[in-house]
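When the chains are written out, they are named A, B and C in that same order, and each has its own residue count from 1.
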Amino acid sequence: MTDNEQESSELFEQKKTRRMLSLIEAALYVAGRPLDLKTLGSMINTRSKRKIRTLATTLMKEYEKRDTALEIIKVEDERFVLQLKSEYTPKVRRLAIKPLLSVGPLKTLSYIAYRQPVPQAQVIDVRGHHSYNHLKQLEGLGLIERERAGRTKIIRTTEFFADYFGLSHDLRGLKKQLKNIFEELIPSE
Amino acid sequence: MPSLASKPFYFQPPLNVLFELHKLKKIRPWDVNISFLLTSLLKEMEKRGEVDFRASGMALDSSSTIYLMKSKLLLKLEDPPAPAKPPPGFLPPPLFLPLRYELTSTTIQHLLKALDEVLTGERILALKPRVEPMLPPPPELIPPVDLYLMEIEKMMEKLYSSILQFADEGRLITFSKFIAGMKKLEAVKIFITLLFLAQTGKVSLWQEEENFSEIYITLREGPPIDG
Amino acid sequence: MTDNEQESSELFEQKKTRRMLSLIEAALYVAGRPLDLKTLGSMINTRSKRKIRTLATTLMKEYEKRDTALEIIKVEDERFVLQLKSEYTPKVRRLAIKPLLSVGPLKTLSYIAYRQPVPQAQVIDVRGHHSYNHLKQLEGLGLIERERAGRTKIIRTTEFFADYFGLSHDLRGLKKQLKNIFEELIPSE
């Protein structure tokens, strides 16, 4: 191979990689949810997990280096998601297309996630009567599920909830992760 | 007005509740611990060596009033304040959902397919006779029929052209806006002519189902919506 | 000013600009629709159109240089939009799984778009009583607006509606477009 050939072949490889990175970025942007290696692989016609992992990680690091408002993070089960860095959320919340949950329902959600599986009566007791509406809203969004148990209902968060926050699907793992998040949110006295 | 310092010690809170009778009207009887107040008063008197029977008498009188207030409340079955709830343990802060843009799957094709179905529904609806009778029986105000019929064609024509002028935006006209500023009789005449116009199918009229307030005029012919 | 002071002041300015660029990016990302200079300005607490224009253009050029799947472009009326480059859409379209609206509200919306400005009573008449809820939902999503006119309400679609479906902001133009596409798609008998 001559130097020229070598050079143009490298350039070709570079372009190919760039194109694959862009396809992964496009997929993450459009989906708005964590995507697994298989789905990402189907975008670039490969089944090599190693290859997809390398590409996704490269993209993640590129975003990190760029230091802008967006980030790519890796969540449970080797899935990747593109999202807004949380520090920008309060400023731009109002521009989101879909109406976002207000603080009340988010507090109820947070309580359920932390105490689950939790009887509905306990949630209402702690969060007040207005939280009946929160429960409806949260259920409508697929973030919690209510299961009849005799005369009461037991509430827990869904897998969709775990995915949304990039948390474990395993209850113990999820609670541990939540605890860490809460500790970060409220510095202990 | 005498300053606080010149007043006897029992005019200072919390004892003053027993001596300033007007204060009794403003308190919640359940908030007053009578036994504590009386004991404090006695101790303070002993400490100061000031024994004042008038004050003691007044304190007794006020105490019995407060007792009476409490028992009246009980008779009214008013609950004494509930014991404070035990603290609910750790209440986690709200979890803000991460913001992610998400392309939705709805396209303009979906919108127009839905429109096709709605318009089919609308046509079927138009074919059905309206349940609510829109046209009240002709009132007595109309002049003798023969004379009126001679004039009616002209009036309809005139009205139709002024409706066309009025409707420069779309085909919908609000009746109240159309007759704004007219005298009552004139408005009634317009309305009657409008009924005739509706009968010929040049306009259609309808009214809100909820409160039968506003009447709307829609052009059946005339300028198309898109100019 | 000493060299050191000069340097740290420059660094501060740079950081401030970076932060403002990120806020604009955050707004464009979350909105997913074209935003005007005023809205962008409200993110960074400025009314200087010149300043906002410069920042938005800088961000646009940064995206251009990066050469990824996303782009920022300037559209009609000096508005900016962050979007997926159209060449990537066919590849990733299937990842968009959630409809903007379910069938019922979509029908109500389509009717409003076609007949607007339309009295609420007429919409309810054609679409049935359950459509009161659709109207609430559509208003919540910012797709329609209701204006009191005496004792009734007149409904029309919003600019966001036009942007979402790529239609004109001008009512006559929008209706014409709808009619044309409609006739193309569903030829009348």
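Everything below uses one rule, namely that a contact is a pair of C-beta atoms (placed from the backbone, for glycine too) under 8 Å apart; a residue touches a chain by one contact, two chains touch by 3 or more.
Please read all numbers here as calculations on a predicted model, not as lab measurements.
Innermost chain of the displayed assembly, by C-alpha centre distance to the whole-protein C-alpha centre, is C. For chain pairs A-B and B-C, the one joined by more C-beta pairs in contact is B-C. Separating the CA-averaged centres of chain A and chain C is a span of 24 Å. Distance from the chain A centre to the chain B centre is 41 Å, each centre being the mean of its Cα atoms.
Chain B and chain C have Cα centroids lying 32 Å from one another. Each of residues 99, 101-104 in chain B touches at least two other chains. For chain C, the set of residues that touch two or more other chains comprises 29-30, 32, 84, 93, 95-96, 100. By the touch rule above, chain B contacts chain A in their complex via residues 88, 90-104.
Chain A makes touch with chain B in their complex at residues 29-33, 81-84, 86, 88-89, 92-93, 96-97, 100-101, 103, 106-107, 109-111, 113-114, 126, 164-166, 178, 181-182, 185-186. Residues of chain B touching chain C in their complex: 99, 101-119, 121-122, 125, 169-170, 172, 174, 176-177, 206-211, 213-214, 216, 225-227.
Residues 18, 21-23, 25-27, 29-31, 35, 39, 43, 66-70, 84-85, 88, 91-93, 95-99 of chain A are the ones touching chain C in the complex.
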